[in-house]
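For reference, chains read A, B, C, D and E in written order, and residue numbers begin at 1 within each chain.
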Amino acid sequence: MILDQLVWPLALVLAALVLGPYLLAVLDGLVARGLGLTRGPGLWLAPLRRGAWWLIQHTNVTEAPDGRAWRLAPALYLALAAGGLALVPWSRAWVATDIATSLVLWGSIEALATVVIFLQGWSANTHLTLVGAYRYVALGLSYILVSMFVLIGVALPAESLALTQVIISQQELWNVLRQPLGLPLFLIVGLAITFRGPFNLADSTDLAGGTSADVSGAQRLVWEFARSAMLVAFSGIATAAFLGGWLGPWLPGPLWVAFKMLAVLALLAWLGPAFARLTPEHCVSLMWVVLLPLAFVDLIWAGVEALS
Amino acid sequence: MAVSWLARLAACAPVPVFPALGMRGEEALYRLALSPEIKLVDSPRHASLLLVAGGVPPSMQQALRRVHDQFPAPFTTLWYRSTPLVELPRAAVTTVDSLDALPGALVESHGSLLRNTVGHSPRLLPDAPPHPWQGLGDDGHGGEGMMGGVPYGRPMAMPPTEDLRDGLALDVLTFRLGPFFPLWPPGLEAEVILQGDIIQQFSVQSSPFPRALAPVFHEAREQSVAIAALERARARHHLQALFHALHLAGLEGLARDALRLADRCPSGDIALLAKWFKTFERRMKRRGFFALHLPERGALRQEQAERLGGFAARAAGIDRDARTEDDGYRRLAFATITQQAGDTRARWRQRLAEIAQAFDLAARAQRDDMRTAQTDAVETPRGAWRDSRPGGTSPLLEDLLPGLEWGEALASLASLELAALSPWPREERAETQMGGAA
Amino acid sequence: MNPPLAVDIAFILLALFAVYTGWRVFRTDSMVRASFFLLLSFIAVGAIMLLLSAMYLGAAMFFMMGVEMMVMALFMVMFMMNPAGLNPMMMVHQHRLAIGAGIASFVIVAAMALLARFPHRPLPADLQEVESLGNELLGESMLIFESAAVVLLATMIGVVVLSSQRGRYGNAGEGSMPPGLDPGGEPAGMPEKDDEDDGGHHHCH
Amino acid sequence: MELLLFFVILILSLGAGLLLQWWPSRHHPMPTYPQRAPFLGGGLPDTHAWSRFHVRYYPMALLLIAFEMEMMFMYPWAVVYVAQGMKAVMEMGMFLAILSVGILYGWREGVFRWQ
Amino acid sequence: MTLTTVLLLAAALIGIGIYGALSQQSFVMLMMGLELILNGVMLAAVGFWAMSGAGAPEGQLLTIVVMAVMAIEMAMGFALVVAVYRGKQADVTEAIADLRH
C-alpha cells in the first residue's frame, strides 16, 4: 500500500528527473551529430563532461542583480518540471499525484514556467537578459491558450480532468489517432515551454544567449538541466494525454510510459533544431491567428468524436 | 579528490571558445566552426577560452580588456595572429600563428587549464564600480531620492523620450555595443538606444574592420583572370556570410553546411557544387529561414541602395552590375538578377540567387576557359570596384535600424555588407589548405 | 503520519506563508517582487483550497493567477518610476489611516468568524466537485455562460479600444507630444505617479 | 496523500536546485566589478538595465487576461460535456463564438503586432 | 483546519489588502491591494463551501465570479492606465498643478 502509493511513484519520478534530462542530452547529441556539429566518440559521456565543466566554472554575478530571485529561478524551474513529472501516471496504480484535476495542474505549471523564465532574465539586471525575458513572456502568454484547448480536447472523451481517466478513456483508440490535430499542436507547446528550436525566444542567439547571456557555472547547469527536465515532464504528459500512457501489450506499464516518453523526446529533439527561430512578432501572430483557431478545430473535432 | 575527478571529466568536454575577432580574424572563426571538438559561444560567460583572432587596433584594446575581464574564472587566452596585451603574464597566453594548429591548441589550452598546468588569466582592470557608490547617497547605496544618484554604481535608466511606434514614452536604455559583439561584423561599435526591444537610435562609433577579399578579385584589377575562379570566390564569400545569418536564425546545422560548401568552392567540382547548393537552398527554405525568421523589414531607400551598390542595390531593384561591362561575361550571356522589395528577405533571396548564378557562370566559363576582358571595373561581392575600392557604409545603419525590433535589426544587419574592402587580399595559403581539409 | 495532522500542519504553514507574502507585497521596493509576492500569496491560498478539497478551484487559481500576476508585473514595470526599487522608496499616503482601516477590517471580519455560529455541514464523501460545478454552470438556462461571454467580450473590446493606439481614440500620441521632460529630474518622476493615481481614481469612482 | 507527495517532490527538487547552485560556489570570491558589468561585446551601458521597459505586446497581454477567464468555465464544462450532450455543445459553441469575436476584433486592430 | 481558522486567514488577507488599497499612492499598487482583498474573499467562499455549505455548487460558482471580477478589473484597470498615460503627455504640467495643493 505504502509501497504502491508512495515509494514506487516517488522512485520513478526521481529516476525520470535524473535520467530523463541525461537521455535528452544524449538525444540532442545524436541530432547534433546528424547535423554535423559534433563528431567522434563520447556520445554518452558528453553531457556529463559539459556538466562537469559547468560545475567547475565559477557562477557569475552581475552588478546589482536581484540575487535571491536570480538563484531561485533555475531551482523553481526545476521544481516545476518535477511537479509536472509527479503528475505523470506510470501505471494504473503508480501515480505520484493522482488528483481529479491533474490536467489543470499541468496548465498551471505551464503558466508558472513563464513567470520563472521571466524572473531568470529580469533578475540579472543586464540588457540582453532583460530583452530575452520580455520576449519569452510574449510567447508564454500566447502558447498557453493553445495548450489548454488541446488538453480540454482530451478531457472530453474521458469525462474527467484526471490524467489516469484520460488514459483509461484511450483503451480502444489512442487520442493521437482519435484527435489527429491534438498531438502536433501539443508538441509545439512542448517546444515553447522549454524555448527550443523555433520558439527559442528566451535564450536566443541574437541576444548572445538571452536570459542565459550573463549566467555561468552551476547556475547555468541547473538552468539547462531544468530546461531538459521540463521537456521530460512535458513528454510524460503528452504520453498520458495522447499516446495511451501505460497502455500497451506484453510489457509492464511503466516501461511503456518510458518508451513512449523517449519517443516523444526523440521527436522533439529532432524537431527543435530543424526550424529557424521565429521573430517574436511572427510568433505571437502565429499562436493567436493560426494555432489558436486550429486548437478550436481540434476541440470541435474532439467534441463531435466524443458524442458519436 | 572529487574536484580533480570533475576536472578530468570537464577537460574532455567540447571546448567552449569565445572568439573576439580582430582584423582579418574571420578565417579562424570559419575554421573553428567546422571543428567538432570546439564549441563557439556568443558570450564570454559561457566560455573557458578567449580566442583573439587577428590584430586589434590600439583604440579597441580597452574594450578587449573589458571582454577579457568578463570571463568567469577559470579561463585563459589564446592569440591567433595577434599581439597579446602587454600586461598579461606569459603563463596565461598562448600564441598560435597557424590555422591548422589552432583547434588543437585550443583543445590543449582547455585541457591544461582544467588540469591546472596553465595559468588562469588574471583580471586586467581595477576592481572598481563604474561610479563610486558605497556609503554615498541617501541610504548608503549611492541612490538619491526616487530616481537620482548612482545606486550600486550606475544611474537609472533615462527618463522618457518620444517613442517611434506607439504613443507611450517609456524609459530608454542607452549602451554601447561592440566591437567584439559576436553577432555583428567584427569591429563595429555603436551606441544603441533601446526603448523596449525596439531600437530607437543607433549611432555608429567605429566602422567594421575592412573585409579582405580573395586574391583573385585583386588580380582581376591588374590582369585578366579566369571567370571561373572569380565566380567561385564570389560564391564562397556569400556562403560565408550566410553562415552568420543562419547562426542568428538558430539553424546551426545548416550554418555549418554553408561553410562546408564555401570551403569546397575554390577547388571542388563545379557541377557537384551547384547540385549541393540547390539541395542546400531547398532545405534552407523548408526550414523556414525566409518564412519564419527573416523580417520583411529593413528596406533600403533608393539612394541608400545606390550608395551601397552590389547585391544590396540589385535587391532593391537597381539593375547595375560591373560584370555587364565585361566582354568575357557578355560572351557568357550574363544577365543581372534583381529583386524589388529591397528588404532583408529580398537581400538574402538576391544573394542566394547570385550564388546559384555564380556556380552557373563558373561552370560555363570553366568549360571554355573564359577570362575577364577588362581590369578597370570588377564586381566584388561588396559592389563594383572601379577607381576606388568600395568604402565602409556603416553610417547608413543609423537610418536603417531605428524602429526595428532587436532580432529583426540583427537579421537586417547580417544581410548587409557594410565593411570597407581591405586593400590587401586574403592570404591564399589558408584558403587552399581549407579547401583541402574539406 | 496521521493525515489530518499533516493537513493541519500544512494549513498553518501555508496560512503563515500567505499572510507573510501578502504583507511583503507592500513592503518591497521592486515592482516585480511585489507582483510575484502577490502571486505567492495566491498560490498559498490556492494550495489551501486544494487542502479544502476544492481540487478544481485550487489548481485553477494557480494558472489564472500565474498569468494575471505575470501581466501585472509587466504593467507595474512599465508604468512605475524606479520599477526595480534600486532606490528604496515609500510611496504611501494616509498611512496611519490605512493601517487603522486594515486592522479594523481584520478585527471585524475575524470577530464575525469567531463569534458567528456557522452550521457544520462538511462535503459529502462522494462529492464530484468538478462535475457539480459543471452542471451548475450549464444549469437550466444558458444564462451563466452567455452572460459571462458577453461580459468578457465587452472587456476584450474595451481593453483593445483603450490600450491600442489604433483604437477608436485614434492615434493618441499624435500631435500632442510635449517637448522632452526635464531629464533626470525628480519633478519629472513624482508627478507622473500622482497623475496615474489621479487618473485611476478619476475613472474608478 | 497525493498532495503530500507532490509537495515533497516540489520541495526536494527546489532544494536540490538551490543546493547545486550554492555548493560549488560557496568558497568563490565575489567577482570583480569589470566582470560583473553586463556583457555587451566590449561596450558599456550608461544605466542599469532595469527600467520602465516598453513592452511591445501589452494589448495582447490585456486581451489574454480577459480571454483566459473563459478557461475557468471550460474545464468544468469538459467534465460534464458527454453527460449533458447537445446542450453543452450549444452553450459552449455560443460562448466561444462570442469570445472569438473579441479575438477577431483584436486582430483587426493589430493587437498581435508589435506596438 | 477549521472554518474559523480559514476565515481568520481570510480576514488577515482582507485586512492587509485594505491597508494596501488605502495607503498606496499609485493606481497599480492600489490594484494589488484590491486583488489581495479578493483573494481573501475567494478563500472565505471556498471555506464556506467546503465546511458549511455541504458542497453546494454555488460556493464554487461564487469563487469563479470573484475571479472573473478580478480578471476584468485588472484588464480594464491596466487598459485605463495605458490610456491615461498616453493622454497625460499632453497635460503633465496641468496634472502637477492640480495635485500640488
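Remarks
Following the convention adopted for this analysis, contacts are C-beta pairs under 8 Å (C-beta built on N, C-alpha and C of every residue); 3 or more make two chains touch, one makes a residue touch a chain.
Predicted model, so just to flag it, every value in this text is computed and none were measured.
Number of steps on the shortest path from subunit B to subunit D, with steps defined by chain touch: 1.
Touching subunit B and subunit C at once are the following chains: A, D, E.
Of all chains, the one whose CA centroid is most distant from that of subunit C is B. For subunit E, the chain whose average C-alpha position is most distant is B. The most central chain, judged by the distance from its Cα centroid to the centroid of all protein Cα atoms shown, is D. Which two chains touch most often is answered by the contact tally, and the pair is C-E.
Taking the mean of the C-alpha atoms as each chain's centre, subunit A and subunit C sit 28 Å apart.
The distance from the centre of subunit C to the centre of subunit D, each centre being the mean of the chain's C-alpha atoms, comes to 16 Å. Per-chain Cα centroids separate subunit A from subunit D by 14 Å. Distance between chain centres (mean CA atoms), subunit D to subunit E: 20 Å.
Of all residues in subunit D, those that touch two or more other chains are 1, 3, 28, 31, 33, 35, 37-41, 45, 48-56, 58, 61-69, 71-73, 75, 78-81, 83, 92, 103, 114-115.
In subunit B, the positions touching at least two other chains are 43, 45, 72-73, 129-130, 151-156, 158, 160, 163, 166-170, 173, 175, 181-182, 196-197, 405. The residues of subunit E that reach two or more other chains are 64, 67-68, 71-72, 74-75, 78-79, 82, 85-86, 89, listed in rising order. Chains touching one another form the pairs A-B, A-C, A-D, B-C, B-D, B-E, C-D, C-E, D-E. Residues 7-8, 11, 15, 18-19, 22-23, 25-26, 31, 34-35, 38, 41-42, 45, 48-49, 51-54, 56-57, 60-61, 64, 68, 71-72, 75-76, 79-80, 91-95, 97-99, 101-103, 105-106, 109-110, 112-114, 118-124, 127, 129, 132-133, 135-137, 144, 148, 151-152, 155-156, 158-159, 161-163, 165, 169, 172-173, 176-178, 181, 187, 191-201, 203 of subunit C touch subunit E in their complex. Interface residues of subunit B facing subunit A in the complex, by the touch rule stated above, are 3, 6-7, 9-10, 12-14, 16, 36-37, 41-43, 45-46, 48, 72-74, 114, 129-130, 151-154, 173, 175, 181-183, 194, 196-197, 247-254, 256-257, 260, 287-289, 292-293, 295, 405-408, 410-411. Within the complex formed with subunit C, the subunit A residues making contact are 64, 66, 69, 99-101, 104-105, 107-108, 110-112, 114-115, 118-119, 122, 125, 134, 137, 140-141, 144, 160-161.
Taken together, the subunit C residues at the contact with subunit A in this complex read 30, 32-33, 36, 39, 50, 55-56, 59-60, 62-63, 66-67, 69-71, 73-74, 84, 86, 128-130. Chain contact summary for the complex, subunit C toward subunit B: residues 78, 81-82, 86-89, 165, 171-174, 177, 180-186, 188-190.
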